[in-house]
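As structure tokens, here come the structures.
In the two complexes below, chain A is the common chain; its partner is chain B in one and chain C in the other.
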Partner chain A sequence: MAILEVRDLYLYYETPRGPVHAVDGVSFELPEGSALGLVGESGSGKTSLGLALLRLLPKNVDTYKGSIRLEGRELMELSDEQFRREIRWRKIAMAFQGAMNVLNPVVKVWLQIAEPLLLEKTPRPQARARVEELLELVGLSKDVADRYPHELSGGMKQRVVLAAALVMNPKVVILDEPTSALDVSIQAQIMNLLKRLKRELGLSYIFITHDIALASDLCDYLGIAYAGQIVELGTSEQVLLEPEHPYTQGLLESIPRLRSTRLPSFIPGAPPDPVDLPEGCRFRERCPKAFERCTEMPPLLQGKGAGHEVRCWLLAGR
Partner chain B sequence: MAILRKLLLRALSLIAVVLIVLVLVVVVLGATGFSDRILSSVISEEMRAVRQQLAETIRDPQELERALREQRRELEAFYGLDKPWYVRLPQDVLRVLTLDLGEARTVATAQGSKRIQDIIAERLPRTALLFTTALVIYFLIGVWLGTLLATRPGSKLDRVLSYFAAVSFALPSWWTGILLILIFYFYLGGLLPAGGMYSTPPPEGGLARFLDLAYHAILPIFTLVLVATGPLMYVARTITLNVAQEDHVTFARAKGIPEGLVRRRHILRVAAPPIVTGLILGLVGSIAGSITTEIVFRWPGMGQLYFQAVSGQPDESLIVALTFVYTMLYALARFILEILYLILDPRVRY
Partner chain C sequence: MATTHEDTLTAERAEPAFGDREPLVQLQDVKAHFTLRRGIFVSKAVVKAVDGITLEIARGETVALVGESGSGKTTLGRISLRLIEPTEGRVLFDGQDISHVPEGQLLRFRRRAQAVFQDPYASLNNYMTVAQIVEEPLVIHKIGNREERAARVREALDAVRLRPPEEFLSRFPHRLSGGQRQRVAIARALVLDPEYLVADEPVSMVDASSRAEILLVLKDRQEDAGTAILYITHDIATARHFAHRIGVMYLGHLVELGPADRVIDNPLHPYTRLLLEAVPEPDPQNRLKERSIIPGEPPSPANTPPGCPFHPRCPEFMKGTCEAAEPEWKEIEPGHFVACYLY
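Entry: the complex of A and B
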């Protein structure tokens, strides 16, 4: 059963040049206890999608519509206040890129983790005990609780951010590039921690990253995002072993391989301007297989069987 | 312990600032010949009186000239003009450093005391009254408006007040003071007094006297507030706006923290240290403005005293003593800032 069901989600930002199509009709399902990786380049709208799921919208929102169902409950119908009280952190939490400036520099670590608990009038000693439990869960010592963020290393901060995300026992955790600013060795530790938490707590993840190799390590499902849309969606095996979209194929070919003489190849060009998108397929200008039809009409996401969906005209004929 | 050592180091560097300022005062007064000119004009003035006195008792012109030369030599020795400035002035400075501020030549307290210590004790509270009141007002207005604007950057209110901030920053306090006197005293038919601390004669009774004082303080305080609010507001706006865009604020919102608490704990609390720095450094920078404001409004405080010390018949011991006191106040403000920073920002502790 899907714990989270997103249908036709749109998030446009208003700019003087026109609306930015950050999230442009995204749909997916997240089965309970599984992880969905959202992979894409910078500007593909993957972070906007994470923020849209938590309704953390900037002031310049132009369009925000679609359907988000959590355990069958439609979240788009909730008022902002209801959403804040009932959904944020309690049902859906988000672990940001913690090595950067996600933690408040002048507030002690334990208070930053315990803040939502204390807001619910949990007694301080109890909240404190919960924080210490969480810190141990993410592999930190209890005395980190009384430190300030600047006293911690990047890896420790990322663990604190994870502990903070887990404080209200959420069902779904959105992981937004949780390892991007870390050393490779620390990155591996955090990935192992994420896998352990998923197993032990039965969490469902949405893992946002630009690193398809990293996503394949953790995720059961993969969605490839390009210019605000999902261009390929399926189980990790389907997407990694039988990639159908030329963009996915390009991404996979760009991964350096240890035991192969083949050099990684790169996708030429840059993603399109999100304000001024090209007609037809959004990837066609960089696509080695583009043909006439790609310029005429935008392709739709089509099922290829067994839940594998691809947004490409190459598949239409088959 | 590390904190104490750090504070001690800062205190030492501020003491060095005080010493350097005093050395500069000596050089400026001495090397330019200003000090020598002051003293010789003082002596010449006293010599005129002496000449008249002596002329009545001594009839022989040659005898008179000799007696006058004798008198002048004595006066020069008394005032130290027989020694060069680099010997005389450092003695003054050393005396001031032992907190013996010396005597003023013409200025005196209401009781007639000429000791500079007494004069400052009389004047400092008057200045403090004006400036602490203004400070509280412009701190509250500036921080309130600044943080308010930060929540709606680019709005109409933001644009209007940003223009006001630029104008306020550019306004010299003396010019603003004169303009306000022109408006509220001349054009509006004496709605507010043009200057002074009390009416003449001052009203009887404690409350009436206080109200009269408040009535006279309105315009100078308004001037100071008008000049200082804009820059402080803009600094508060910019800093708050920067903090509000940081990732930890989004993180706090994601946690489901209500907006009011997000603003207090995650925006203002983080923005506080640099805003306080701006406030205290601005305060220190406004010393010059405080002098001119007091002069414009004939407010008999420290600023006016400084002006009296350097203009007309300059008074050297008053200049040295006041510079010392002002520099000490500056050092004190800086030291308070250091302590505030320790309290407000944990990153400073190590």
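Entry: the complex of A and C
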């Protein structure tokens, strides 16, 4: 069963130049206990999608609509107060990008992890015990509790950020580039920790990343985002082994393979301006396979069978 | 230590690094030690950022320096550009010792050696147009008149595939993507026709789909102009494809150096092997298994372990040997060197 069902989610920001289409009609399902990777490059709207799911919206929101169902319950109908009290951190939590900057440098680690508990007036000794339990869960020793962030290495800070996300026992954790600032050796340690937590706590993940190889290390499903939309969605096997969208194909070919002598290729050009999107397919200006129809009409996400969906006119039988 | 480096030099003389070409850049047993004040009354600590490295880069050759943060790769690149004066050892450029030449006399060298840095959001002035940014080095070095400079700017933009150049000349950096910004930074470095280029993590902040384009631009340029390139990266997979040789750094030491294919296909140092295993490749099978990891975290260069710097994390650690003294630099196959007691 899907723990999270997102249908036609939109999030536009208002700017002097016009609305930015950050999340532009995104739909997906997250089966309980699984991980969905949202892979996209800068400006694809992947981080905005995470913020939209947690209703952490900036002031300049222009449009925020659609349906987010958690365990069958429609979250878009909840008031901000209800959402804050019942959903955020309790059901859906987020581990933010850049562990270096997320933590408050002048507050001890344990108080930062315990913050949501203390806000709801949990007695300090109980909150402290919960923090120590969480620190052990993420592979840190208890005495990290009394340290300050600057005394920790990058990998340790990332573990603290994870512990903080888990403090209220959420069911869904949104991971936003949890390892992008870390060295490969530390990255591998964090990825193994995420796998273990998923297994042991039955967590469901939305893993936001620009790195499709890294996503394959954790994710059962992959959604490829481009210019605010999902252009390909399926199981990791479908997307990685039988990619259908030219963007997905290009992305996979651009990864330098260690065990191959074939030079990586690249996708020419740059993503479109999110305020001034081209008509038709948003990828067509960079697409090696674009044809007339791509200019005329935007393609819809079409099922290819077995849950594999692709937003491309090539699949509409030319 | 002394014998180690003599070995290196003789070995490299016997087997030239890159064909028979003269090395353009020679680093000879360079060290960069910084003193770190820990507190007002507390003793000072010495950070050994680079601790005795010998490396040569030939014209037309790309040498990749691979390593994690704190390995000293960036410091070594800066020493080779004389942005940092080495504490010990010599830096030779085209046969001339520039280790301690005063800055005022380095102007000609500054023109012949250029750098591209990691962050294209920080390295470009947001209040200058692309044309002004790329032209600036020519103005500083008083090269050409206005028309000649304009022509060179257009050529440089074309070389980095910002095409047509006219479309980019009057743009400001904030209207460019990360990849386009980085190409402007490269155009600015290439406009002087440098003989030596240090590219320090030039693609780590660029979208994956644009990385190869930037690396291919550098490769093309090298093939046309014979530029020597020092490519500093944490990404060993790109090093395989874009460098002739790979040097693996750990805590200020070079632990392995060899032809790129050999370092990847026949890694000798346990650290290199672990680094290679830690690289994720897009494979749906990955999620079903644990990643192999390098245990622990890299220690700080302010507190380097005795003996082999990698011994506290090494799965092949041999007690009584590895921590006792630094391993010698040995040539295991032609041009492929390692510092490890396993050999």
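Here is the rule we go by: the second predicted complex is superposed on the first by the 316 of 318 C-alpha atoms of A that agree within 3 Å, B and C clash if a C-alpha of one lies under 4 Å from a C-alpha of the other, contacts with A are read in each partner's own complex, and residues count from 1 in each chain.
Everything below uses one rule, namely that contacts are C-beta pairs under 8 Å (C-beta built on N, C-alpha and C of every residue); 3 or more make two chains touch, one makes a residue touch a chain.
This one's a predicted model, so the numbers in the text were calculated from it and none came from an experiment.
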When chain B and chain C are modelled together on chain A, clash or fit: fit
Contacts of A:I212 with chain B and chain C, given as first, second, both or neither: second
Which of chain B and chain C A:L119 touches, first, second, both or neither: first
Which of chain B and chain C A:P298 touches, first, second, both or neither: neither
Contacts of A:Y148 with chain B and chain C, given as first, second, both or neither: first
Chain B versus chain C as contact partner of A:L56, first or second or both or neither: first
Touched partner set for A:V106, first chain B, second chain C, both or neither: first
From chain A, separation angle of chain B and chain C (C-alpha centres, steps of 10 degrees): 70
Which superposed partner A:S42 touches (first chain B, second chain C, both, neither): second
Touching partner for A:P264 - first (chain B), second (chain C), both, neither: second
Greater residue coverage of chain A in the superposed arrangement, chain B or chain C: C
Touched partner set for A:I255, first chain B, second chain C, both or neither: second
Smallest separation of CA atoms, chain C relative to chain B, angstrom: 6
Residues on chain C engaged by chain A in the complex (per definition of touch): 68-69, 161, 176-180, 207-213, 216, 234-238, 240-241, 261, 264, 274-276, 278-284, 286-287, 290-294, 297-298
For the chain A and chain C complex, residues of the former touching the latter: 35, 41-43, 153-155, 183-189, 191-192, 195, 210-220, 235-237, 240-241, 250-252, 254-259, 261, 263-268, 270-271
Partner chain A, residues of chain B touching it in the complex: 246-248, 250-258, 261, 265-266, 269-270, 344-347
In the complex with chain B, residue positions of chain A that touch it: 51, 54, 56, 84-85, 87-90, 93-94, 96-97, 100-107, 115-116, 119, 148, 150, 161, 164
